[in-house]
Amino acid sequence: MAETNRSMKAAVFVEPGRIVLDERPIPEVGPGDALLRVTTTTICGTDVHILKGEYPVARGLVVGHEPVGVIAELGSGVKGYHIGQRVIAGAITPCGQCYSCLGGRQAQCGGKPMGGWRLGNTINGCQAEYVLIPDAMANLAPIPDELTDEQVLMCPDIMSTGFAGAERGGIKIGDTVAIFAQGPIGLCATVGARLCGATRIIGVDGVPERLAMSRMLGADVVINYKECDPVEAILEATDGQGVDVAIEALGTQETFENGLRVLRPGGTLSSLGVYSGKLTLPLDAFAAGLGDHRVITTLCPGGKERLRRLMNVLAGKRADLRPLVTHRFPLDRIEDAYELFANQRDGVLKVAITP
Amino acid sequence: MAETNRSMKAAVFVEPGRIVLDERPIPEVGPGDALLRVTTTTICGTDVHILKGEYPVARGLVVGHEPVGVIAELGSGVKGYHIGQRVIAGAITPCGQCYSCLGGRQAQCGGKPMGGWRLGNTINGCQAEYVLIPDAMANLAPIPDELTDEQVLMCPDIMSTGFAGAERGGIKIGDTVAIFAQGPIGLCATVGARLCGATRIIGVDGVPERLAMSRMLGADVVINYKECDPVEAILEATDGQGVDVAIEALGTQETFENGLRVLRPGGTLSSLGVYSGKLTLPLDAFAAGLGDHRVITTLCPGGKERLRRLMNVLAGKRADLRPLVTHRFPLDRIEDAYELFANQRDGVLKVAITP
Amino acid sequence: MAETNRSMKAAVFVEPGRIVLDERPIPEVGPGDALLRVTTTTICGTDVHILKGEYPVARGLVVGHEPVGVIAELGSGVKGYHIGQRVIAGAITPCGQCYSCLGGRQAQCGGKPMGGWRLGNTINGCQAEYVLIPDAMANLAPIPDELTDEQVLMCPDIMSTGFAGAERGGIKIGDTVAIFAQGPIGLCATVGARLCGATRIIGVDGVPERLAMSRMLGADVVINYKECDPVEAILEATDGQGVDVAIEALGTQETFENGLRVLRPGGTLSSLGVYSGKLTLPLDAFAAGLGDHRVITTLCPGGKERLRRLMNVLAGKRADLRPLVTHRFPLDRIEDAYELFANQRDGVLKVAITP
Amino acid sequence: MAETNRSMKAAVFVEPGRIVLDERPIPEVGPGDALLRVTTTTICGTDVHILKGEYPVARGLVVGHEPVGVIAELGSGVKGYHIGQRVIAGAITPCGQCYSCLGGRQAQCGGKPMGGWRLGNTINGCQAEYVLIPDAMANLAPIPDELTDEQVLMCPDIMSTGFAGAERGGIKIGDTVAIFAQGPIGLCATVGARLCGATRIIGVDGVPERLAMSRMLGADVVINYKECDPVEAILEATDGQGVDVAIEALGTQETFENGLRVLRPGGTLSSLGVYSGKLTLPLDAFAAGLGDHRVITTLCPGGKERLRRLMNVLAGKRADLRPLVTHRFPLDRIEDAYELFANQRDGVLKVAITP
C-alpha cells in the first residue's frame, strides 16, 4: 500500500449516542488477513443498538459488519486471490479451524456465544475506507462480474440471516409459513421461505409499505397487526390448523409469543430476533411442553461458501434484493444515514454507504 | 350404488402387447375402502412396460394408477368424507398402519419392495369408470375447489415422484443440479429442484421440444445430448466443479453413469428411473468408493398428506403442470391413447383420459 | 367373549383426589379395535396429575395408559394377530392414517395437541382387567417370547419418552449430555443418551437413590443439586465449555432454565417435562436469541413400529429397565399403589400392577 | 530444532513392491504447520496398496497417515499449542477454509476427490521419526493424559472411518445391522454401530479369529461366509425382513452386492471399501431402482473436532480398541512389519510402529 495514505475515514463508536466519522490509521495486514478497500457498506439494526448503548462495544471501535470491496492487500499466507479483486466478506467471519467451526457451528466460532461475529464487534468494522478481514482464506468471496455492489450488499448479513431463518426452520415443499415482522431481515426470510418451497407465506407487520414489499418479495397473504389480531387471522386463514413454521424476525415478546400461538402441533418456531428484557413461553400455545414443538434460534451464517451460495441465488435470478436499498449516502454523510436509519424515517429499509 | 349399473368399462391387461377396453364388474366396497367414479386419469410409462410385458402383472388386471375422481361409495369404516366429494388418490396407496408405514417408508408398505404400489399392479387400477381405493382414510385427498381435474392429474404419480427426486437428493438453496432426461418425471424433477432452492438447473435430453419445456418449467441451461457430450458440457458449465445433485429420470446405464460423472465430491445422485438389464457403477467417477457420494433411489411417495402438499403447490401457484398434458382421449379410445403414448408420437408428454 | 363375564374391575377417576377401583362393563369391540386382557400395567406421573385434578379428564374415565396384555378379542378388520397373543400397546395410539400421522407426527394424531394420547385421557385406559385398543393394526406390538411382562412394562411410555428425549436432542457419538432429573423418565433418557453414543453423561437429581440408579444405568457423573449448584458443577466438569445436549425431564422453570444455562453455543435443550405456571427463557443463557440454540419438546412416540424397536433394545440386552420396578401390587390394591406412588414413599420409582 | 539432527529415518515408497527405511531431511516448518516427533504410528491397508503399486503415489514419498506424536516445532501462525504436547492428527488433514471444508465436506478438501487425504499421499507421511502436519490449527488434537499412545492409535484412520460407516448409514436405536468383513475397519464399524444404538449386529467374515474379535467388540451374531451363504443366513436370522443398514468394509463386488441383497426396502448400504475393477448393482436386490435404497460412500473424516470426539469415546470407556493392536515393531524393523501385515500372517490386525 502507498505509504502516503496511511490514514482513512471511519465511523467510530465514541460513547452511547455518538457514532462519528473520524480519522483512523489504515490497518496493518497480518499473514492470514486481507485488507479491503470498502466500496459499499450499509448500516444494520445491530449498529443502532450499538449507537444507543444497548449493545456494548469498546469505545473507539470502528463499527459496521457488511463489507463489499476490493482487495487492497493480502497477507503472506493468503493464496488464491489477487489485488484488485472484487469480494465480499460476511458479518460473521469464522476461522474455519477451531472445534466449533469444524463441528459446523461457524457462527459460534471459538465456542463462545456469537464468537464468529468479529467485524464491528470485537475488531474494527467496515464503515470505513478500509477494513481488515481476518482468516481471509475462509472469508473472502469473489463477486461474480455480473453482480453489482448493491446487488450483493445484503449477502453479508441480512440475506444470510433471513434465509437461515427459513432453512433452519426446516421449511419444505408444501409448508405454510408465517413471518412476524417484515423489516429487512423478515423480508429476506420471506424470500428464503419461498425459495425453500413454502407454498403459503403469511407476512405480518404494522407498516403498509413493508407489507407491500412483503407481497412483492413473495408473501401470499399479508396481515397488518394494527388492524387485526394476527394470531386469530392466521388461524382463520389456515382453517384453525396453524402453520408448519413461524419465523420471528424482530426480537420482542409479542412476536415470539405470536409465533408459538400460530404453530400447528409439531411445528417449528425459527427465531432470528435479538431479545432484551424477558422472554416467556406461553404454556397454552406450547402444549405445556408436549406439542413436539421446536424453537430454534439462528445467528447469521458466515464464511465464503455461504456467501458463494447466496450470490448464486442472485446471479441465478432467484431473488432480487435491490428494492431493499431505499437510500444512498457517501461515507462522509454516514452520521446523517444513522440519523435516518435509527429513526426509521422516510420509509427507509436499508441504506447504501459508499466511501 | 344403483343396482342397474353393476358393470363398467375398464382397460385390462390381456397379455403382453394387448391392453384392451373391456367390461368389468364394478368393485364391491369393503369397510376400509372407497369407490371412486373416475373423472380423469392418465397413462404412465410404467403402464407401457406392462403393455410390453416388461413388467409382469396378472392377466385380466385393470391397469392405471393415477386417479382423479368423485367419491361414489364409502366403506363403513371410512369417516370424514362424503359421497360426491372430488378427490385424488396416489399411485402408491399405503396402509399407514404397518411397520414400514409407521417407520416412514410408506412406499414400501408391508415391508415388501414397492409394497405400496397396489393400484394397477397388485389390485385393479383406475383406467376404468370406477376404481376401489384401499385404506381410503389414508389415501383420499380432497381437491381444492379452485383446481381442475387436469391441474391435479400429475399429483398421484409423476409430480410426487419428480419432486421426491429433488427432495430426497437433499437439494438446498444455492445448489447446482443436473437432471438427466426431461420426460414427464424429469420435468417434474426440474420443477421440484427449483422449488427446493436450486439456483442453477441443467436439463439434459435429446428432444428439442422437451428441452424447450424444460426451460419453460425452470431449467437455467439445457443440453441436447445428441449435440454434445453432456458430461463435458456440464463440467465446463460448472468450471470443472461438477454439480451438487444429479437427478436420474430415465432408467438407463448411460443416464445413471452420467449422473455420477458430473457429481462434485460429496455430491448426491438421486435416481428415479426403473432399470433393466445391468447397472454398473463407474469407479473412476465414484472415486473408487471414497468420494463421500450418495446414491439414493426413490419410489413415488403416496398417502393423502403428500397429495395435500402437492395440491398446495398448485393452489399456491408455485407450479403449473398443465402444459404436460399434450393430448386428451375419452376412455373409449384408450387403446389409441396407448398407441400414441407408447410410441411417443406427436410430441406427447402426458395424455388425459376421461371416462 | 364369554357372556358370563361382562363386567370388570377398573381404576376410575371420580373427582379430583379420588381414583377408585370400581366395576365397569367390558368394552365392546369395533371393527378396528382389539380387546386386551391386561396382565400388567403401571402408574405414570401423569396419572398422579389426573388424580390431583391438575390435568383434567372426564369423571368416570378409566385411567392408565401403559398396557401389557393378551389379546382377548379382535375387531373384524384386524388382521395378522391371534387371540391369546401377548402384546403391548403404547401410551400414544396413533391412527396412522390422518395428515399428522402420515406426516410423521403420530403423537399429534389428528392435528390436535397431544392428539395421539387417547388411553386414559380421551378414552378409557388400562388400569383395568380389560382395555380396548383403537386402531389395533397400528398399535399392537407382539412381545418376543424371551421377554417377561415386567421387562416390557416401560416400553409403552417412559422408555419411549425418555429415549425420544435423547433421539430428538440429536445426540451423537462423542457428545456430552446433562440430564436434569433422574426420575423414571430421566433415567430412561440417561439410558437413551448412552445408546445414542453420548460419551459423557451427567445425571442431576436431589435423591441419592436416584443418583445411584442413574450411575447404574449409564451416567458417568452424577450431581446432587441439593449439595451444589448444578450449573456451576456442570460448567466446571466441562472446562467451561458446556454440554452438547441437555435433557429436561421434570417440568419446572428451574430444570428448564438450568438446561439452557449449561448448553454450549449451538447446543440443544431437549425438553420432556410437563410444565405448569410460567416458563421463562433466561436471555443471558440464551445469547439473547443469537446462540444457535434449539429447544425441542417431545411427547412419547407411539405405534407398533416404535414398540418393536424398543423391545429389540431389551431383547438385544442393550438395556435392562427392570430395576425401575420397585414395587408390585395386584389391581385390587391399586388405590394403595397410588398412595405410595403419588407421595413417592419408600424409594418408589415405578410400580407393577397385575390384574 | 537442534541443528545437529537434520535428518531422520523414514519409510519411503521407492517403486512398486518396495517400501524401504531410508534417511530423509527433517521437514521445514511453514507458518501454518506443526512438526511432530512421531511416537507411534501404524500401517494401513491403503499403505499395502501403495506398496503393491495398486494405488499410485510419487516415488520417494514418505508413506503413512496415522500419526501419534509430540509437538516438536510450531509454525509462526499456530496458536494454542505448546512444544512437547502430545497430539494426534488425522489421516485426513482438512484446511478448514476452502469451500468444501466450510460446506462440511472436509474429507473432500479443495473440492477434489479425497482432497483431504494428504499425509502419505500427496505430501510426506508419518512412518518416520518426524512428520509435518499442514494446517495445524485445524488438525492437531491434544491427547488426554489418561490415554496412552496405543489407545489413540486407531483414531486417525480406522476408528474414524469405521465409526463414520455407522454414522453415515444413519443407524439409530433399534436397528438391525450387518457388517461385511471384520478386518480392522469392519471391526471399528461394528463398535460404531453399537454406539449408534443398533440392537442387532451381524458380523460377517471368513477368518475365525476375526469373528471372535467381532463378537468381543459388539456383534450379536457372527457368520463365517466360508461355511454358509451369508445372504441366506442373514435373511433367515431376520425372518426374511433383511437389515436396516448394511456396512461394506472390504471393497469387493461380493461384499457390496451382498450388502444390497440383505437390505430391507428403504434400507441403507454404507460403503467404506476401496473398489477396483468393476462394481455392479444387482437390480433384483435393488428393486430395479424403486426400493427407496440409499448407497452411501464415506472417506475417513478428519480434523481435530472429529479426533476430540473419538478420544472422548475412549476416555469415556465406551470402546477399547487396544485388542486391534496385535503386533509391535520399532521403526527400524518397519520392512518386517510390512511383510507381516501385507501377507496377513500370524493373525495380524494392526501393528504399532514406534520410532
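Order of writing sets the labels: A, B, C and D. Residues in every chain begin at 1.
Criterion: a residue touches a chain if its C-beta (ideal position, glycine included) is under 8 Å from a C-beta of that chain, and two chains touch if they have at least 3 such contacts.
The structure displayed is predicted, hence computed values, not measured ones.
Q: More C-beta contacts across A-C or across A-B?
A: If we tally the C-beta pairs in contact for A-C and A-B, the bigger total goes to A-C.
Q: Same residues or different residues: which describes how chain B and chain D meet, taking over half shared numbers as same?
A: Here the answer is same, because the shared fraction of interface numbers exceeds one half.
Q: Centroid from C-alpha atoms only, then distance chain A to chain B, rounded to Å. What do you get?
A: Between these chains, centre-to-centre, one finds 40 Å.
Q: Going through chain C residue by residue, note those that touch at least 2 other chains and give them in order.
A: 100, 103, 308
Q: Contact residues on chain D for chain A in the complex?
A: Against chain A, chain D makes touches at 31-32, 76-77, 94-104, 106, 135, 137-138, 303-306, 308.
Q: Can you name the residues of chain A that touch chain C in the complex?
A: Touch residues, chain A against chain C: 100, 103, 105, 107-108, 111-115, 241, 251, 264-266, 271-281, 283, 286-299.
Q: Which stretch or stretches of chain D touch chain C in the complex?
A: Interface residues on the chain D side: 163, 167, 172-176, 192, 195-197, 199-200, 220, 308-310, 312-313, 315-316, 318.
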